[in-house]
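Presented sequentially are two complexes of chain A, the first with chain B as partner and the second with chain C.
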Partner chain A sequence: MEDIFKHIQPVEYYKSFLKENIRPDTRTLQQIRKTTLNVGPITTADGSALVKIGDTMVMCGVKAELTQPTAEEPKKGIIVPNLDLPALCSSKFKPGPPNTQAQVGTKFLDNLMKIANLVNPEDLCIVPDKLVWVLYCDVTCLNYDGCVIDAAVIALVAALRSVSLPSVTLNEETDTPVTNVNEKTPLTINCLPVAYSFSFFESDHIITDPTLSEEDITSGCLTIVSDEHENLLLVDRPGGVSITEAQLEICIQRSFKRTKEVHKLYKAVHKQSGSNDQT
Partner chain B sequence: MPTDSRRLPAPDISYDAKLFTEIEKLNLLDDEEKRADGRYVTQPRDVFLQCGVITQAKGSAYFEMNKTKVICSVYGPKDIEMRDEFQINKGKLKCELKYAPYSSPKHGDHIPGASDVEKSDILLEAISSGVCLQRYPKSQIDVFVIVLEDDGSVLPAAITAASVALVDAGIEMYDVITASSIRIAGQDTFIIDPTSSEEFSPLNLEKSNDLNQGMVMVALLPSINQVSSIVSSGHLECNVLQEAIRSCRYSAQNLHSIVRKCLVNSLKKSNQNNSH
Partner chain C sequence: MIMKDDMHDEVVEQPTSKFQCEMNALKNTDGSAFYSQGETSVMVAVYGPGDLKETKQEIDKALVEVDFRPKLGSPTVNEKYLERFVQGVCENAIMLSLHPRTAFAIIVQIMQDQGSLLSCAINAVCVALQDAGVSMKYLPVAVTVALKKESESEIEDATDVLIINPAIKEECESFSILTFVFDSVNKNLLCTHSQGPLLPKQHERCLKAAKEATEEVLKFFRDSVTQKVAAGLEL
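Take a look at the complex of A and B:
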């Protein structure tokens, strides 16, 4: 009976829960789902992380390879993020080239990495004009249940933090690189951003960490990215119902709080690298 | 490499840094007839299998054999998407096998290459015999597999995971499908469940006239003991091939108990959840 009501009138179904200030999955409007972070599951990748926010599951793998720098930026390495929403993770996605949402997500990650200067491209330079590192950061969504961007950012940052690059020198005579796998230096991460998503139900209620069914019936997602020093890095609000300044302020404050909690996760995992931790 | 306009521009050519180190010559077997990871020649890797990992999918499975990690999800039965594939008497099964870009030592291409399409086809062929497609006329069942990490024996892992995911989705089947692969390095050396370095490394053969080198994979319906797919590559003499197929069948048969246990446990858990 409940399932039929949910299917036919999803908005009314949801309203009946909101009246009691609770959501169908028994969370309050401000409660976040359980977040789990596991670093290093993929040994073929130079850095990897698996993040679960509730049922949403996202895997990030970072691979570092050698290439020639571009002519425009001879002293900078190259960072290529990519968000993949494969047909595996949800029935919404069809197999084939990346859909709009995946492309927007990829650009979001790219913008975030540039704004936060997550990895300084100049750190990736080995020999200017001849040899630089290219970091392929691939984020694959494995289960799509809302807030994929939040999970993707945590996975990306955690995976990058676990990357250690071997020392590479260029042999002057043969012009080929020489790698020493025994000497590894960890990648310098300049910032630890955390993304936090909200959606708005009929301009009144601020829904934190919406699941997929909540994303479908609410209008527009607001994503706020901040770092541990309460610096606002990115505010993304692509359309949707209009919100007041007061609501935006509430969201920003909540995101600062969330950032501090996720930082405990990052720190705990960093101490025991390659292990699980959850909050 | 054709430029993919839907992804951020990446360098045309890049090289794995480990290519430029001194490569150690790996021997397949050491003096005690043990492999690099300590296993014997007839010993398969330990398996971790769990279903119901992807809540958005109708059915799903995660299969792990030490480092080889494969995840599979099943959607359907649903309306057929392409009108020209519409069949009145039976349903259509579609399989897609993809490698995650970070799953192999060299960064993978996003655009699926010929070998990805070939593996998807082998997966489809191996699974089709087990699914009762005539129960789903005018419908389509989608099977998606992503290889998260490739350490050899990817196809057997994908086939087993796909069949478990199909059962988890409630699709009617004659039997689950288990698969196993074997590396032949000489007429007396059969290496079950090879890792990626064992799949391709040559064994120093004392007899130079023994040219048997290859790989065989067999997919089996264990309860009825029927083979649904055999893939063999390399140079193999007839009797060596037959022996390899026999060993593969035995190994795939042994996987049946693990698959059954996993499915029974998942059913028990879902019954417990329903009764709460």
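Take a look at the complex of A and C:
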């Protein structure tokens, strides 16, 4: 009976829970789902991380390759983030070329990397105009249950933090790179951003960390990315019901609190790389 | 032109170039507008409510499809990203439940991008929707704000210059660019896109300045529609 009501009238079903200030999965409106971070699950990649926020599961793998730099930026390396939402993660997505949401997510991660200056491209330069590192960061969603961007950002940052690049020199005579796998230096990460998503139900209720079914009935997903110094790096809200400044202020304050919690995760994982850690 | 607000001692730069708009620029569309803000100009065509394949129809509301076309080349991921913002704004501004099983197609062609592109595009879409006579709950009004460091100081504070609808040169010199979209009725926030590290109180300051700037844009919308209707009456 409950299932039928949920499918025929999802909004009414949800409202009946909101009246008691609770959500169908028994969380309060402010509660976040359990977040798990695991670094190094992919041994063949140069850096990897697996993040779970409730049922949402996102994996990031980083592969480093050598290439010639572009003519416009001869002293800068290249970082290529890519968010993939394959058909396997949800029935919403059909197999084929990357869907709109994946493209928007990729651009979001790209913007974030540039604004936060996550990895300084000049750190990736080996020989200007001849040899630079290119980092391919592939973020794949394995299970879609809302807040993919939040998980993707954590996965991306954690994976990059676990990357160690071998020292490379250019053999002048043969003009080929010589790699020394025994001398590895970890990548310098300049910033630890954390993304936090909110959704709004009919302008009255702020829903934090919405699941997939909640994303469908609420409107206007607001994503706030902040760092450990309480700087707002990105605030994205692609349309939705109108919200007041007071509500925006509440969301900003909550995102700072969340950033502190996720930072504990980053620190714990960094201390013992390759182990599991939960918050 | 630099304005100094004596009460708050703020330094705000107002653009010297104005808004320009030509409604019903394209004859075969349901609604169109050629809109320019400073040097940035955008052409928007609106078709709708129109027919849709049965498999894609929604039984209780209309769909909104936005197509962003860059000046050169085919649309890339960057355009898809901006489309998401325009679509989000339109889905809430237009009364979709009045036209079930139909779709609105909004095509945005970038003619010239010299800064503040997203706000120019959203304002242009709003004007085109008015030209098409589409029922809307409110008018979405967009403003871009940029923060530039006045001098080489470490303190990120009141000495930062706030620029409304920056040109591309000013955007490059700024450390933070924010675009806000407000509704014309209650002046509440619909959509926001901010890039660049900034403190919450700087964000608040930008939000306030953007809200005040919407008055000028709304007045311009009203003047454009008045002109269009007056021209029709003369004939």
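By definition in this document, the second predicted complex is superposed on the first by the 279 of 279 C-alpha atoms of A that agree within 3 Å, B and C clash if a C-alpha of one lies under 4 Å from a C-alpha of the other, contacts with A are read in each partner's own complex, and residues count from 1 in each chain.
Throughout what follows, contacts are C-beta pairs under 8 Å (C-beta built on N, C-alpha and C of every residue); 3 or more make two chains touch, one makes a residue touch a chain.
Everything numeric in this text was worked out from a predicted model, so none of it was measured.
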Exercise. Superpose on chain A as described above, then tell me if chain B and chain C fit or clash.
Key: fit
Quiz item: Which holds for A:Tyr144: it touches chain B only (first), chain C only (second), both, or neither?
Solution: first
Practice problem: For A:Asn231, decide between first (touching chain B), second (touching chain C), both and neither. | Solution: second
Practice problem: Give one of first, second, both or neither to describe whether A:Thr174 is in contact with chain B, with chain C, with both, or with none. | Solution: neither
Quiz prompt | If touched residues of chain A are counted for chain B and for chain C, the larger one | solution = B
Practice problem: Check the residue A:Thr26 against both partner chains and state whether it touches chain B (first), chain C (second), both, or neither. | Solution: neither
Quiz item: What is the contact status of A:Thr106 with respect to chain B (first) and chain C (second): first, second, both, or neither?
Solution: both
Self-check item: chain B versus chain C as contact partner of A:Gly239, first or second or both or neither
Solution: second
Practice problem: Check the residue A:Leu212 against both partner chains and state whether it touches chain B (first), chain C (second), both, or neither. | Solution: first
Quiz item: Touching A:Leu248 in the superposition: chain B (first), chain C (second), both, neither?
Solution: second
Quiz item: Once both structures are aligned on chain A, how many angstrom separate the closest C-alpha atoms of chain B and chain C?
Solution: 6
Quiz prompt | Overlapping contact positions on chain A, where the chain C interface meets the chain B interface | solution = 103, 106-107, 110
Quiz prompt | chain A residues within the chain B interface of the complex | solution = 41-45, 48, 55, 57, 59, 61-68, 70, 78, 80-82, 84, 86-91, 95, 97-98, 102-103, 106-107, 110, 134, 136, 138, 140, 142-145, 165-166, 168, 176-181, 212
Quiz item: Where on chain B does chain A make contact in their complex?
Solution: 4, 6-11, 13-21, 53-57, 67, 69, 71-73, 75, 96, 98, 100-107, 110, 142, 144-146, 148-151
Quiz item: What residues of chain C sit close enough to touch chain A in their complex?
Solution: 77-78, 80-81, 83-92, 138, 178, 181-183, 186, 188-200, 203-204, 207
Quiz item: If you look only at chain A, which of its residues touch chain C in the complex?
Solution: 100, 103-104, 106-108, 110-111, 115-116, 219-220, 222, 227, 230-245, 248-249, 252
